[in-house]
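Listed below are the structures to be examined.
The same subunit A turns up in both complexes below, where it pairs with subunit B and then with subunit C.
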Partner chain A sequence: MDLLWQTAINAMYAASYMALIAVGLVMIFGVMGVINFAHGELYMAGAYCVVFLYAQEKFPFLLSVAGGLIFVGIVGLLMERALFRPLRKNPLGGLIASIGFLLILQTLAVFGFGRRMGHVPPSTHGKIEIFGAILTYQRLFVIVVAILLLAALWTFLKRSKFGWALRACAQDAEAASLQGISMNQTARIAMFIGAALAGVAGALTAPLVSPTPYIGHSIIVTAFIIIIVGGIGSLEGAVIAAVLYAFVHTFVTTFFDGVIANIVGLALMLAVLVVRPTGLFGAKERA
Partner chain B sequence: MPDPAVAAPADGPVRRSFGRLRLVFLFAALAVLPYLLSYSQQEIAVLLVINVLLVSSYRLLTLTGEWSLGHVVIMGVGAYASALLAKRLGVPVPLSLLIGGCMAAGTAAILSFPLFRMKGFYFLIGSFAAGEIIRLIWKRFTDPFGGPKGLKRIDAFPDIDTGFLSIDFYEPVNYYFLALVVVSASLFVLYRIERSRIGLTFHAIHWQDRLAESVGVDTFRYRTLAFVIASFFAGIAGGLYAHYVGAVNPTRFSVDQMVYVLVWAIVGGTATFHGPILGVVVLTVINEMVLRGLGLDTARPLIYGAILILSVLYLPDGLESLGPRLRAWLQRRRGGPAAAGGEAA
Partner chain C sequence: MMRKTLDRKLSRRKFLGTTAASGAALAATGTGLSRVSFAAADTIKIGFLAPLTGPVSAWGKPGLDGCLIWADWVNAKGGVKIGGKSHKIEFVGYDNEYDAGKARTGATKLIKEDGVKFIMMLGGDTWPGVEKIAAREGMLFSTLLPSDLTPDTKTLVAPCEVHPIYNVTGVEWLAENKKNLKTAAICAQDDALGKPSVATYLAAFEAAGIKMVDAPLFFDPATTDFAPVMTKLLAKKPDILCLDTCYADYVHPLCEQAFQQGYKGQIISCTADFYQKIVEKTSKDFMEGFVFQFPDFDDPALNAKEVNFVNPNEFYAEYAKRFGAKEWSAVSWEYASIMDLWADAAAKAGSAEPGPVLKAMKAGGTGKHAFGDAKWWGKELFGIDNALVGNWPVVVIEGGKAKIKAFKSIPAWWDKHSKLMIKHMTALGQMWNQR
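Moving on, here comes the complex of A and B:
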């Protein structure tokens, strides 16, 4: 029983950062119609921002995380301008270009930090006990920030004018531009937010995962599973699927092993693709 | 060939004998090539020949319009199967190669049931997932797949020794010719398939799948057929690789390697049969001659990534489109209305 409860707490931590990554990926897909294969490398870039700012240059942890958010957001803007805008008519081309970008980011990380694991000391050593289960402050911090960021994103999307424009573009880009919404402006905002979310997830978890230049691979696999299970254009679906997948993955890892957990996750995704390609929460017409 | 659509442009008697002559020259050049190379370059030439088969088989799959991310894993199925058959069951190597190809084709046939319920992005991601599952199974199950370290000391091709003629396939030159023969035969089959009625149907499914369906083409069966044939040849390529290098492991067939296949195909261009071959040859030569020469080995993924992006942005039809483009440009410079009309395509 204790182990079950502890695993559930661990799963909540995993769900929170996975949700950040998957929501970012869905935002990019929603507005631009492109699957960003380099999303895992954006996470990696965020993690290395913390390696550089916090572990090497001794800035405060929170400031380093903010630095990671802004830096990766700007990388996202660069991708939008250089890759996705010229390839807007060609979504498969955008995907392939993002694979090229992934290789570039990976190599830059190898040049800057070497192939070996970057070590990031924990920013706090405290922990709390919740009904017998232990949760370190480091992990609690990830959960809290993820919830705050997602709540802020929700308010932004539902309340602000930009949010309306963003959702309008996701539903029907042509009709939106007829209403005077700038497609480029909206794409920039979506790309900045989407990339920044991946970056902040990497920055937050950097002390917990020991980043390597190749960490993006497992991240993108996870993100794909989540957005497919959740329905590829659905933000709510991405969050729910992140929680679902985190629980399945963490429990299988604890009771069997990590590789089996990955196989189960991928099989889950294949099953969803076969039975209901729109995902568990996706809209019908996205088939 | 009774099909007029296929035969039309290239098949005058003059053109045809010209094409044959070119082929003879090509093979003559390929036969001389290894003797001009150093030992390590010969080894690269062997791998290049194998990669030509890999990327050409990939092109057959893309004919139907589907882009798979699992093709390298399918190659791995052939490699693992052939290696295990030879190592564990003592199946003679040329036979195990063939069975390995069949295993790869069989795997594709099974996978086609879930995968071809999807199209486009979904197929891409689905094939990626299926490939990762296979790869994780190799990694997880040490018996018989050898786990993360993979299989080592895989049997080589048996030496041929008939008294006056003896060939040792440990020598890269000899393996080069062996691979050249197998790959040429495979390419010939692939070429004939593409030029056949089946190949035309693949094209039809790519450009007009609803229309093809409405005139009675079972698109599911044809997509599966393309996938199975492509996988068979990928499996053969895998077997050739395994028995040459002597070791296989799950990392060798990871998605990073798949990216290279994508780069070759896209940089070369997939519209024609020779496009992807051009891509793999040019990029391998650049890689081995230029990058290794300049000591830029670590920068290789970066340069490949940049090449990929640049070719998607500025050369979407690949290197193969350079020739016609250049010709059109030259003709335009020379002016002359007849010339401008002549090579519009």
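Moving on, here comes the complex of A and C:
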């Protein structure tokens, strides 16, 4: 029973940060139509913000996480302005530009922090016991912040004018433009939010992983599986698919092994594509 | 701004003149350099073909750093004497990023363009990319992973690290000194480094009468969240947690997870690179008694007369001065120790050419290994006697610092338990004729 609880807690943690990353990726794709291959590197950039601010410069952890969110959000704005806006009518161009930017971010990380893993001491050693399973405060913090941020994003999208504008652009950019919604403005907001979510995921998990300049590779693969399962363009789908994928992957890793878990994760994606090619929530409920 | 500065301080003619003069000076410097190189035609180039970036770089880059110290020391004394003539040593590095394709490109470049006389590699997943080139060119290669050896790899030697066979010494020491430990669980990344090491640990545990609580847990090398891996490992409450030959990027989060999930038992691992950082992430108490196989070279035990590595404590001090003590890794000294062996063999052979050096290196079937005199061995396990095997240290973390507790003999263990090793290697498909 302890094992089941511990596995469930592990899965909740994994679902939390994966949901942040996947929702960010969906925001960017939904509004701008760009498949951002550099999204894993935005996660990495968030992690390195914490390496720099918290581990090296000794700023408080929370402040460092906020720094990661803002910094990576600004990187997102720069990407929108310098890469994606000039290539707006060329979706393949945006994709290729993001691959180039991915390599630039990796190289900058190597120059700034070296090739080896960054060392981030935990902000707390505290932990609680739930039915015999252990949940550290560090992981609990990731879960709580992810829930709060996703709830705030949902409220923003459903209740604010900017949110309506984003959803309108995601549904039909041309029609939204005819209604006087600025494409540049919505693209900026989407890119900031999308990048900031990846950045905050990296910042929050930095003490729990070993950040390296190349950590984005494994993150982006998982994120793509999640958004394909959830339905490309669906925020709700991304969250639900993140939870589904995290639970399946974590339980299979624990009760079988990690290699089988990866195969099952890919099989899950294939099964969803066969049964429902648009993904679980694709097309029907776009952002 | 720049244009203004140009207008104010430099006329176009002056600018062009200065540029031309600088160019000429640079060209002169260039000519000077090539003249120096030409004058130093006696310089022997050694290739260093290992991962210098990426997740496996901890087992490449620190080795190159160690080699640079070795070269500086040897060159300061006039170089290596071969055939009555002194030769300076120059290392040419190539980053293979632990990728077989890049290793192939690197080997070709080092042999054809740089004219190296010997190439040192980490081996493992990168060796298949180089194997045919080595056979075709007759180039002498070294690997840290003797599992690369087969009867066909005639110019490949494993003269330093008999990975993973030396891992038996840590388990043997544990069984002798902590008799209360009866069960173990093991995990490893699913690759060419993890699997033979798992087979070795399984053999060593069986020889020591320690039972495995579960089948070995293999995880994807792309894993970033180790909580599920650790949850599974600890599920059956083992006395010993074995981290196999996991890369540093995995050992750290695995230890952290074990700490966070409340594990208080014994940990054994092949390596514990940058272990001070693990201590910081967990605690001194948690890491107390952690057993692994790679000493810090400031350890006084390395000054024993049996140890052949030259000035180990001074080497460590120089390494710490140049790169920082916390950057010391399992391989910081290993490639340098291979160079000791190579230089000795080249001096004996009177030539730096690969063939004569290999012959001199293996003459008499024995050699001077870093940790003592050793013998060329491996026929039963690798199909060729190209691994240099002798004693290996068992290292334990005490009070947050690594200390050598014993030097144990690998051949002595092999003489008693070789059948077990072959059984487990065969079961995991790791014998030379299965790979």
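As a convention for this text, the second predicted complex is superposed on the first by the 281 of 287 C-alpha atoms of A that agree within 3 Å, B and C clash if a C-alpha of one lies under 4 Å from a C-alpha of the other, contacts with A are read in each partner's own complex, and residues count from 1 in each chain.
Note that in this section a residue touches a chain if its C-beta (ideal position, glycine included) is under 8 Å from a C-beta of that chain, and two chains touch if they have at least 3 such contacts.
Keep in mind the model is a prediction, meaning the values are calculated, not measured.
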Do subunit B and subunit C fit side by side on subunit A after the overlay, or clash? clash
Tell me which partner A:S177 touches in the superposition: subunit B (first), subunit C (second), both or neither. neither
Using the superposition on chain A described above, determine whether A:T250 touches subunit B (first), subunit C (second), both, or neither. second
For A:M269, using the defined touch cut-off, is the partner it touches subunit B, subunit C, both, or neither? Pick first, second, both or neither. first
Taking the superposition on A as described, I'd like to know which of subunit B and subunit C A:P86 touches: first, second, both or neither. first
Return first, second, both or neither, reflecting whether A:S218 touches subunit B, subunit C, both chains, or no partner chain. second
Could you look at A:S123 and tell me whether it touches subunit B, subunit C, both or neither (first, second, both, neither)? neither
Give one of first, second, both or neither to describe whether A:V110 is in contact with subunit B, with subunit C, with both, or with none. both
First (subunit B), second (subunit C), both or neither: which does A:L208 touch? second
By the touch definition above, which subunit A residues appear in both interfaces, subunit B in one complex and subunit C in the other? 110, 217, 221, 257, 259, 262
In their shared complex, at which residues does subunit B touch subunit A? 67, 114, 117-118, 120-122, 124-126, 128-130, 132-133, 136-137, 139-140, 254-255, 259, 262-263, 266, 298-302, 304-309, 312-313, 316
Can you name the residues of subunit A that touch subunit C in the complex? 3, 6-7, 10-11, 13-14, 110, 115-117, 119, 121-122, 125, 127, 134, 136, 138-139, 208-210, 212, 214-215, 217-219, 221, 249-250, 253-255, 257-259, 261-262
Any idea which subunit C residues touch subunit A in the complex? 52-55, 57-58, 61, 190, 217-220, 222-225, 227-229, 231-232, 235, 248-249, 252-253, 256, 260-262, 274, 277, 280-281, 283
Help me check something: in the complex, which residues belonging to subunit A touch subunit B? 35, 82-83, 86-87, 90-93, 95-97, 99-104, 106-108, 110-111, 217, 221, 224-225, 228, 232, 257, 259-260, 262-263, 266-267, 269-270, 273-274, 277
